[in-house]
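Common to both upcoming complexes is chain A, partnered first by chain B, then by chain C.
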Partner chain A sequence: MTADEIRAHIDPMRHEFAESRSLVLPALKFAQTEKGHLDRDDLAAVADAVGLTSAYVESVASFYDRLYLKPTGKRIVSVCVTLSCLLRGSDELLRRIEEREGLPHGVGTTDDGELTVQEAQCLGYCDRAPCVQVDVDETMGPLSADDVERLLDDLRAGDRPERLWR
Partner chain B sequence: MNSPLAPDAPETATKTVTLEIDGRSVTVPEGTTVWEAAREMGIEIPVLCHDPVLDPVGVCRMCVVEVEGARTLVASCVRDCEDGLKVKTASDAVVRNRKTLTELLMADQRDTSTRDEKTGDDELFSLAREFGITESRFPGGNSRPVDSSSPVIDVDHQACILCDRCIRACDDIQSNWVIGRTGKGYKTRIGFDLDNPMGASTCVECGECAAACPTGALTNKPITVPIEAKRPLEDVDSTCPYCGVGCALTLKVDREENKVVYAEGREDSANEGRLCVKGRYGFDYASHAHRLTKPLIRKESHYPKTTLTGAMQRKDDGTRKNGVYPDYDKALSAFREATWEEALDLVASKLKGIRDEHGGGALAGFGSAKCSNEEAYLFQKMVRTAFQTNNVDHCTRLCHASSVAALLETIGSGAVTTVYADVRNADVALLTGTNATSNHPVAATFFKEAARNGTKLIIVNPHRPELADHGEFVRIKPGSDVSFYNAIMNVILEEGLEDTAYIEQFTENFDALKEVIARYTPEVAAPICGIEPDRIREIARTIGAANAMIVLWGMGISQHVHGTDNARSLISLCLMTGNVGRPGTGLHPLRGQNNVQGASDAGLIPMVFPDYQSVADDDVRARYEEAWGVPLDPVPGKTVVEIAHGTEEGSIKGMYILGENPFLSDPNVQRARDGFMNLDFLVVQDIFLTETAEVADVVLPATSYFEKTGTYTNTDRRVQLGQTALEPPGEARLDWQILCDVMTRMGYEQGYADVEDVFVEFSDLTDSYKGLRYRHLAGRGKLWPCPDPENDEGIVVLFGDGFPTPTKRGKFSPAEVIPPAELPDAEYPFVLNTGRTLQHWHTGSMTRRAKALDEINPDAFCEIHPDDLATLGVDDGGMVRLSTRRNHIRIKAISSTKTSKGSVFVPFHYREAAANLLTTDALDPVGKIPSFKFCALKVEKA
Partner chain C sequence: MPIKNIVYAQREHGGDLRSLDDYLAAGGYKGLEATLGMSPDDALYQFHRSGLRGRGGAGFPMGRKAGFLPKDSAKPSYVVCNADESEPGTFKDREIMELNPFQLIEGVTIAGFAVGAARGYIYIRGEYEHQARILDEALAAARADGRLGGDIMGSGFEYDITLSRGAGAYICGEETGLLESLEGKRGQPRLKPPFPAVGGLYQSPTLINNVETLSALPPIMTHGADWYAEMGTEKSPGTKIFSVSGHVLKPGNYEIVLGDTTLRELLYDICGGFREGQDFKACWVGGSSVPVLGAEHLDTPLDYESLQEAGTFLGSAGCIVMDTSGCIVRSSLRLAHFYRHESCGKCTPCREGTMWMEKVLQRIVDGGGRMEDLDLLDAMFGRISGRVLCALADGAVAPVQSAVELFRDDFVRAIEKGAPEPEPMMEAPVG
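Right after this comes the complex of A and B.
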């Protein structure tokens, strides 16, 4: 994504922040919506748009789990592994994904590049454990291993969203 | 003009707090940290992430102390002292805590520390030894990688404890902002830019990070001999041999190997311990195998002289073959080795012969701003007494001659009115015609720091310097300075922003200025300088409203046929706004060479004796005739380019060149070369067989900076002592002794006991140095004038109460726009701009023989705007042929938007593509400085 596109996105929200540093996360999240991950050019473009050094922007980008520095699938499935979900069988969900998709520990990007599965810390759905989140749109639960299989099938068959908010 | 902020506010007494540390009561100013207070009391609290030159961050927790009543142990480096605080710095709990922390940190370390092996000062390993930790109970090994991609720094990520000292050194001290943290959790490590290898990042190799690192994570690579703690090294306090900033440093010297092993900045100095890549890593040229070790006399078989030995040899992949001059042996083969007796006798008899036959005016000498004050003083003394002529000049002529001419004419003093670090007190700093991050890198760190702390930098330049990232960049058209500044002054007057009280009290000739600049409205100037009228107005208002403005300039101002006018304009601007003589204000021409200020002070100028005393003034001359005991020539001598022209027409027949290399540095250099080849006798005193020495009749092997003691005066007027660190190679001799030997043989006997004897004679004759002795010059050195050298550093800000002119007033000297000597036309449509790069020094004699500098910047290149390259059909990195009316070169083109469309920037360091074959020798009529920054150029695909 170009610095100009990022600028167009963050300029309207500049007044909300006292410091330009605060714009780094919104800028990175937006820059990621094009490809679903951030490459070096994207990071440099964010640095340019926000007016900070590339070292600083990289520090932020490499810290957050939901900012991806390697290519991802068109949808990201986050399986909660915090206490409630773990007690209610999230490890079972991951095991099924491992068997079905051949991903070690159920985590990673599928061979066809369609889906990325990751572990997540508490998603706030303890009353519906074990839960799963798709990108940032939808959190669902409680899910059985079979439910997860169906979810993966649906996501794989579905369209690629125009913007990949994660 | 705004009035200063609360000028009469009474000084408020500093508030203090009283606390108890380890049972002793202590009173400190409010805001002092517990760590600092303890240190004041002589209690050293161990620390890893903190260094007094950095802002504390409190991340390593090694400095924890027990505070009575506190819930947990607190980090003393970030804890402010409070009244009644009771602190224990070494209770059992504290020591246990530190010990465990050390053990945790050691878990990830390798068995040995690179820093300990190299310099023996790994702070973590030292704590481990103190706590008796030989192995860690904790699981370790973070398997983080090593990175040896930088030419000067080894990175071992596994040894990194994430203390952030390197990050703060890079950000806060050098303002380069290259280092960050990458990743999170156990895998976190430092990263360069976008987590590049260090050698592929924007790192400028200043080494500040390696100096700040407490462990083996960032260490210096060896430059000469291996850096090994077991080698006994001697500390020699000296200064840097490169630029006019004159950074104070400590050389770590291996006496047995006779080599400098590494260098460190000195904290107790004006540069505050900072160094750049040249100062920290560029010292090894002194130990290069090319050093001259015996006097050389040209073989009979090598007359008539031929031109330079061949071009650079290349390997198959196009890179240069090792060493600078591939045919160095061939060049040397034109000479035979001689004894000092023979060589000196020959020099003296030849020079005496020319003098006696044709008069002293047939001789000339180029001294050097690389030499010490003592050497400069002796050199001009030799030319004036033994040669009997004032034909003595040096590279200041090619540097700030126009600035000095303008300053002397207007304010009666050619030096800076304040120090570069005074930028800290300015609210506006006008930086013009300077690429300080390359040419004055450590001064630039002060400018960038000031910008971060609220000083507005206005950067006016045709070529975009790195500093433009730190302020407002105004890209004027090349050679349009006078129009721009006249328009700025026009607006200031038009809008009543001038300082009338100052003008009234301290200046003269204001009406003449008003008359000229009235014509230069922004609308008139805009088409000349390329800046919109409204922008000119805005900038003028910023300058006019500034409480304190400092102006710093470089060669972009001085190296024009209107260089003196450019400088006059800047001086007028400062006088008009009352911006001289107070902290944060003033005029600062950033001096290029480490001793260009001193060499000028010492009289290495054809019109003046030491201290700028006119040779044409009978009273002055009588004084020097008495001091030197011989009659002196009343006629001002010829300048650098005039001397070169004199060699061409035959009026100059013999020359003595000390440490200069006009074969690369003179403008229109082929013409100069032809002239020098024409000389009946040329003697060159240098450390290498430079391009100039290649055509000498006699070459005298001199000593490098590191082999001698002497004083050097930096851009601030700061006189500092350079001390002997190495033994001269072979029969190379101290320069001051060579000069005395020649003088003695020419019948003008010299009998100095030692080099300080020379300094004493010089300072006694030179009011601004009066009273200075070597013993005063340790630490920060002394700023001249220094009325009380025993107790005082010297005067920082000059001219608060008038100027050293006959009327005590600063004189406005209005300047009209005159065009450059050679404007672009259909055949030569581009503008040629020359200058320097960060890693190389002038003609490269030193830096291209410095391992690290040469590795970082190996090849000649020019910068061309991408649009121009596209039009020419040349790829980035492709070869171009640059030609002017005088000559042509073939050179690699780098695509760069630093240069504007229609301009080409060529660094002049490179023998194989000498920029000065292209430049014009048209001169500024007053300063006699050539127009290195402007001539018409043709660019073709090669």
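Right after this comes the complex of A and C.
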């Protein structure tokens, strides 16, 4: 993404922060929506738009789980594995994904590059455990292993969203 | 032990107060109206008098914290609402924001008036994008109706709220980690002092409170501090939402008067108890960062002081419950895994300690444990606590250390035979 596109996104919020550095997270999140991850050029564009160095921007980006510095699939599927979900069967979901997609422990990017499955820590939907989130769409649950299988099929068949908020 | 609908107000109004009209019809914005009619100091006094304690985990008296902000600061002051909600087992803030967003917005506005803030921020975890969109809409509706912006409700008070989104990091729920993140940095906790009340966001005076804490302000200012303080016990006034999850039949958010209900009543009467053939085994009552309780504690009243006497903490009241089908060793491993993943890495004892704790527990679960591992764990607990910047490390030790103490036999059995395979998946929650 270009620095100008990023500027157009963050300029309307500038007055809300006493220091412009606060715009780095909104800028990174927006820059990521183009490809689903951030490459060197994106980091440089964010640095330019916010007025920071690329090295600084990269060190911030690397801190956050939901900013991706490596290519990901069309959709990211986050399976919660924390305690409430463990107690209601999250590991069965991952086992099914492992079986079906051939991903070790059920996580990673599928061979066709369509889907990235990752382990998530508590998603805040423990009353609907075990639960799964696709990108930053609303978290779904409780899901059975069969539900998850259907979900993966649907996501594969579905279109790539115009902007990849994740 | 009746269920209350004071902060979880939408329960009384068809389950959803997402539109401003509905919120107003339900008595919304009366608290702000009352507040704008008094002096900021009088408003602060009301907070204090209500006895409201922080609902994010530490339970610090809210009015006292608000009173710490200097009144003569040359810099602007801020209110920051902690909506990072990532403590395992906790999902109350999510439902407040999703179903009753204006009550939070009104609360952040009331707090802003009392401390003379230039702006409020709501820092919401990145995974709650659905809730963030609801809040964005609610903020726009409040602005359009003259309830945010210049001259709020004709009072001359000028104030607005910015919604900031996180990007996935539990540690950004720790208040100074949150401030770092809001300032555009890695979310690593700061050395205190200075405390946020004096040197918080941009080194300015900052009041940080949890979503549930701030959402309690509108009813307090509507009905009066004494009305609130009369509920609950002397040290635990008011109501608290318990998020209950795990093996109970009816997981969910339940608002109760503090001290009014025992753990047994919450789990069996309110949450429907357990499946046929299963019964209570263990419970992390205040989120995952607190010592675990066993069946001998079921009659403990749910309030700050009684839970402390029982050896645990009320915390965020994210109550995770395990029945007799669960394995305490596997559960402890899963928590150790969580803290190892979420340690920000700044302090060596926390970074290394959480890693070793996970390794040793993994070995036990895999059947390669040795009796000395229990002593090894014991020694590790001592080396992690107390030598670090923030409370994540203590939160990592508490559930595991208490499990090893309380359920030692289970650990010994796992070392002798390996941890039992998990029971088949529990069917979908009912109700």
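Operating definition for what follows: the second predicted complex is superposed on the first by the 166 of 166 C-alpha atoms of A that agree within 3 Å, B and C clash if a C-alpha of one lies under 4 Å from a C-alpha of the other, contacts with A are read in each partner's own complex, and residues count from 1 in each chain.
Please note the rule applied: a contact is a pair of C-beta atoms (placed from the backbone, for glycine too) under 8 Å apart; a residue touches a chain by one contact, two chains touch by 3 or more.
Please read all numbers here as calculations on a predicted model, not as lab measurements.
J.: Give one word, clash or fit, describing how chain B and chain C relate on chain A after superposing.
T.: On the superposed model, which is not a single observed complex, chain B and chain C fit side by side.
J.: Identify the partner contact of A:A44: answer first if only chain B is touched, second if only chain C is, both if each is, neither if none is.
T.: In the superposition, A:A44 touches chain B alone.
J.: Give one of first, second, both or neither to describe whether A:D137 is in contact with chain B, with chain C, with both, or with none.
T.: A:D137 sits against chain C, while chain B stays out of touch.
J.: Between chain B and chain C, which makes contact with more of the residues in chain A?
T.: C
J.: So, does A:F63 touch the first partner chain B, the second partner chain C, both, or neither?
T.: Both: A:F63 reaches chain B and chain C.
J.: Does the superposition put A:A55 against chain B (first), chain C (second), both, or neither?
T.: Only chain B is touched by A:A55; chain C is not.
J.: Scan A:T82 for contacts with chain B and chain C and give back first, second, both or neither.
T.: In the superposition, A:T82 touches chain C alone.
J.: Can you report the least C-alpha distance between chain B and chain C in the superposed arrangement, rounded to whole Å?
T.: 5
J.: Can you give me the overlap between the chain B contact set and the chain C contact set on chain A?
T.: Comparing the two interfaces on chain A, one with chain B and one with chain C, the shared residues are 59, 63.
J.: Quick one: in the complex, what on chain B touches chain A?
T.: Going by the criterion above, the answer is residues 177-184, 191-195, 202.
J.: Any idea which chain A residues touch chain B in the complex?
T.: The touching residues are 40, 43-44, 53-59, 62-63.
J.: Using the touch definition up top, name the residues of chain A that touch chain C in the complex.
T.: The contact residues of chain A facing chain C are 13, 16-19, 21-26, 28-29, 50, 59-60, 63-67, 78, 81-84, 86-89, 91-92, 120-130, 133, 136-139, 142, 144-145, 165.
J.: Show me the residue ranges of chain C that touch chain A in the complex, using the header's touch definition.
T.: Its residues touching chain A are 76, 85-91, 93-94, 119, 125-130, 160, 162, 164-170, 181-188, 202, 204, 243-247, 251-253, 284, 288, 318, 320, 322, 326, 330-331, 334-335, 337-338, 341-342, 344, 422, 424-426, 428-429.
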